[in-house]
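In the two complexes that follow, chain A is the common piece, with chain B as its partner first and chain C second.
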Partner chain A sequence: MMTDILSVLTAENLLFLLDGLKMTIFYAGSTILLSICLGLILALLRSYSLGFWGKLAAMYIEVLRNTPLILWILGIRFLTPIPPLWSGVVSLTLFETAIIAEIIRGGLGGIPKGQFEAGHSQGFTFLQVLRFIVVPQCFRSIVPALLSQVITIVKDSSFLWAVAIEEFTGKGMILMGRFTSTAQVFTLFALMAAVYFTINFLLSAAVRRQSAKTGRKPTLEDLSAVTA
Partner chain B sequence: MKTSPFSLDKWLRFFTNWEAMAEGFTRTLVIALLSLTLALAVGVVLGILSSSNNKALRRAVRCYVELFQNIPLVIQIYFFYYVLPYAGVVMDQFAIGVLGVGLYTGAYISEVVRTGIQSIPTGQMEAAKSQGFTYVQAMRLIILPQAFRLILPPLTNQAVNLIKNTSVLAIIAGGDLMYQADSLAASKLFYGPAYVTTGLLYFILCFPLSTMARKLEQRMHRKAAAPVAVSKKAPAQALAAPQTQMGGI
Partner chain C sequence: MIRLVDVNKYFGDLHVLKNINLEVKEGEKLVVIGPSGSGKSTMIRCMNFLEEPTSGHVYIDGVELTHKNKTEMNRKNIAMVFQQFNLYPHMTVLENVTLAPIRLQGLKKEEAQQQAFRYLDIVGLREKAHVYPATLSGGQQQRVAIARALATHQKIILFDEPTSALDPETVQEVLDVMIRLSRENITMVVVTHEMGFARQVADRVIFMDQGTILEEGAPEHFFENPTHERTKAFLSKILR
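Right, the complex of A and B next:
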């Protein structure tokens, strides 16, 4: 049994898994950065534009939020000529942008209207009010919600294995195929679960610390915005 | 010439296979309903336990929630499908779908229930006890009915997440809508129509629910914003108000 466990935890296997972990971090990291930028644009459009662009943003958000991620991963992979590596970034970003847009929109909704009036009275243009007054406050208030979504994105990246992108889950399942004993399979599996757990638990501890810092505990609405 | 992924020919071939899609859709629906039932049961029980006074109980629930929320659903599903058989526990994909998605969503629902219970002023429990209610009676007759109204929007959103998450079964050949669409598309080469229709079907299931959740949330906001009038409805308005700064995680 001990030899079985040790046969899983060889340097070679651990390095193999580490490659996958790097990919997971690459996918999660680039998705977070891209979807915060794009999500901000969509949230601003949906919140402040009543015309065509606002409606388009709302439509995009509703369509993406009400369909499963795996559908977009498969669709982008098999219906577009985007190469496999980037199709993962594109599909994750498309999907998470919609969710982050709603989180940002929630933050924008909490900014009192008086802030705009005050800004205008000081000679700020609409865009300047957004840039210097509204958006910075909004981001400060949604840090916990955004961090929660980072956890979801790390977890969501494991869906990429559905199109054979070898992130952490993928590498783990490839290794899994080489093992046959119960102890080996359980060891490898426990290792995979423990790695995800550690990353996400640290992130969720950060969420709690942030919430404590602002003195504002998560409300039911915050829980509503969090996707599983 | 390369044919479009959405050519008429592909649509026609796709529609001759509608029965397989209908089968997948029904299966997704049944799995979603059963796992939602399980998730609600797990969520309500754990939610109540985590707002109890017993520290050991609260800690045990905390472990469950952290464990299920911080490990990807894909990994949990693989655990049931790939690892448990090594320990002699073999389940078919249907059972894995109900159990896996149900236990996962249960962790999220328990957080919603806990936050809901904690948002009811503690005075209510004290008042009930002073009137001779036991803890269980007070919970069932006084706290939970009030909390339920508050948690309906996030609960509905969790139901939407649950429906979307049943698509994880596609990775273990679960026979659900996503799997049926994908395997059909791969074998008959009509990815375009299959994926578009699948998206539409999930949208039809999820959009009404998420719209309802938003409407309910907006109504609570309006109630919270309105001045509390002295009327028979006053308790409901007063309840909606503490939502902005209730206790939580």
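Right, the complex of A and C next:
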């Protein structure tokens, strides 16, 4: 039993997994940054543009949000010429953008009309009102929801295993093929779970700490200070 | 300074402003009173195009206010103080007061802050410069909103029921600031139910009912000798 466990936890295996962990951080990190930026644009369009672009944003969000992630991962990998490394970023970003857009839209919906009126009465243009007044307030109010989606993205990146992208779960599954005893398999699963748990737990603890330090509700800056 | 010509405003089928003609002179303190639903808020909001009239014209300093130029006109000429204060909750008091001077008037941060402290002195809130609005009382928030309106040096300040959302205890501190302001050469249009303030500060009072200006005059005439029955009835209820 003990030898089984130790046979999994060799330096060689751990380094092998570490390579995968780096990829997971790369995939999750770039997806988080891209999907927050793109999600903001979609949310603004869906909230404030009544014309073509608003409808298009709404359609995109509804289609992506109501279909499974794995479908997009497979589709982008096998039906497009995008190279494997980038197909992971693209498919995750396409999907998570829709989810994050809806989170941001919820925040925008909570901004009182008076904030726009105050901005307009001071002579700010609509875009300036969004930039200086509305969007910063929106992000402040959605940090909890956004954080939980960030954690979900870290976990969702494990689906990339399905298209043989060697992120953390992918590497783990390769190792898994070498082990046969129940204890070995359990050890490996437990290790992988512990790693995901640690990343995500640290992430939420760090956001909480950052916001406690500034003595106010968590903000997007706190989130980016942590993810950077 | 402000001229409304044949202004009509409909909300759907509701005719809220009926052919309003009004001229406010430079430096004049105009107080607008009337029952709720009489259109007084809508009228004052037409003066900075937060509501755009369905028909008619609004001139500021001789220039017609349009959908196109309203942002620029507001930036240069008109500030507003709201019933619900509408401070920016994610910014400190100082940031609230300096946002427009820095972003719209191109002041350096230090200049804008120096100037902001002067206005915070006027409203008596210098020591609150670095707190967030949520920690302030309603009266204090409204005084910050007044400092914010002053900080852009506009010639016109519109007050839309500035004390209606306040605790009775804090109403006077806001009125005191407004009384002090009234000694400056700023054109003030104030929608209010504070008759004491109207008497003390107004150069002219207008009474609105059902979308029209029913009566207007100097405060002495207005409060001592109203001509319209409707005005008399309103005043007798409000001036117990």
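The rule is simple: the second predicted complex is superposed on the first by the 202 of 228 C-alpha atoms of A that agree within 3 Å, B and C clash if a C-alpha of one lies under 4 Å from a C-alpha of the other, contacts with A are read in each partner's own complex, and residues count from 1 in each chain.
Basically, contacts are C-beta pairs under 8 Å (C-beta built on N, C-alpha and C of every residue); 3 or more make two chains touch, one makes a residue touch a chain.
In this text, all values refer to a predicted model and were calculated from it rather than measured experimentally.
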{"item": "Touched partner set for A:204, first chain B, second chain C, both or neither", "value": "first"}
{"item": "Partner chain in contact with A:65 - chain B first, chain C second, else both or neither", "value": "first"}
{"item": "Dominant contact partner of chain A by residue count, chain C or chain B", "value": "B"}
{"item": "Partner chain in contact with A:118 - chain B first, chain C second, else both or neither", "value": "second"}
{"item": "Which of chain B and chain C A:151 touches, first, second, both or neither", "value": "first"}
{"item": "Touched partner set for A:162, first chain B, second chain C, both or neither", "value": "first"}
{"item": "Chain B and chain C footprints on chain A, overlapping residues", "value": "216"}
{"item": "For the chain B and chain A complex, residues of the former touching the latter", "value": "5, 66-67, 69-75, 78-79, 82-83, 86-87, 104-105, 108, 111-112, 115-116, 119, 150-151, 153-154, 157-158, 160-162, 164-165, 167-168, 170-171, 178, 182, 185, 191-192, 195, 198-199, 202-203, 206-207, 210, 213, 217, 243-249"}
{"item": "Chain A to chain C touching residues, read off their complex", "value": "112, 114-115, 117-118, 120-125, 128, 132-133, 136-137, 140, 216"}
{"item": "Chain A-touching residues of chain C, taken from the complex the two chains share", "value": "48, 50, 70-76, 78-80, 82, 84, 86-90, 99-100, 103-104, 132, 148, 152, 158"}
{"item": "Parts of chain A lying in touch with chain B, wherever the complex brings them together", "value": "62-63, 65-71, 74-75, 78-79, 151, 154-156, 158-159, 161-162, 169, 173, 176, 182, 185-186, 189, 192-193, 196-197, 200-201, 204, 207-208, 211, 216-224, 226-228"}
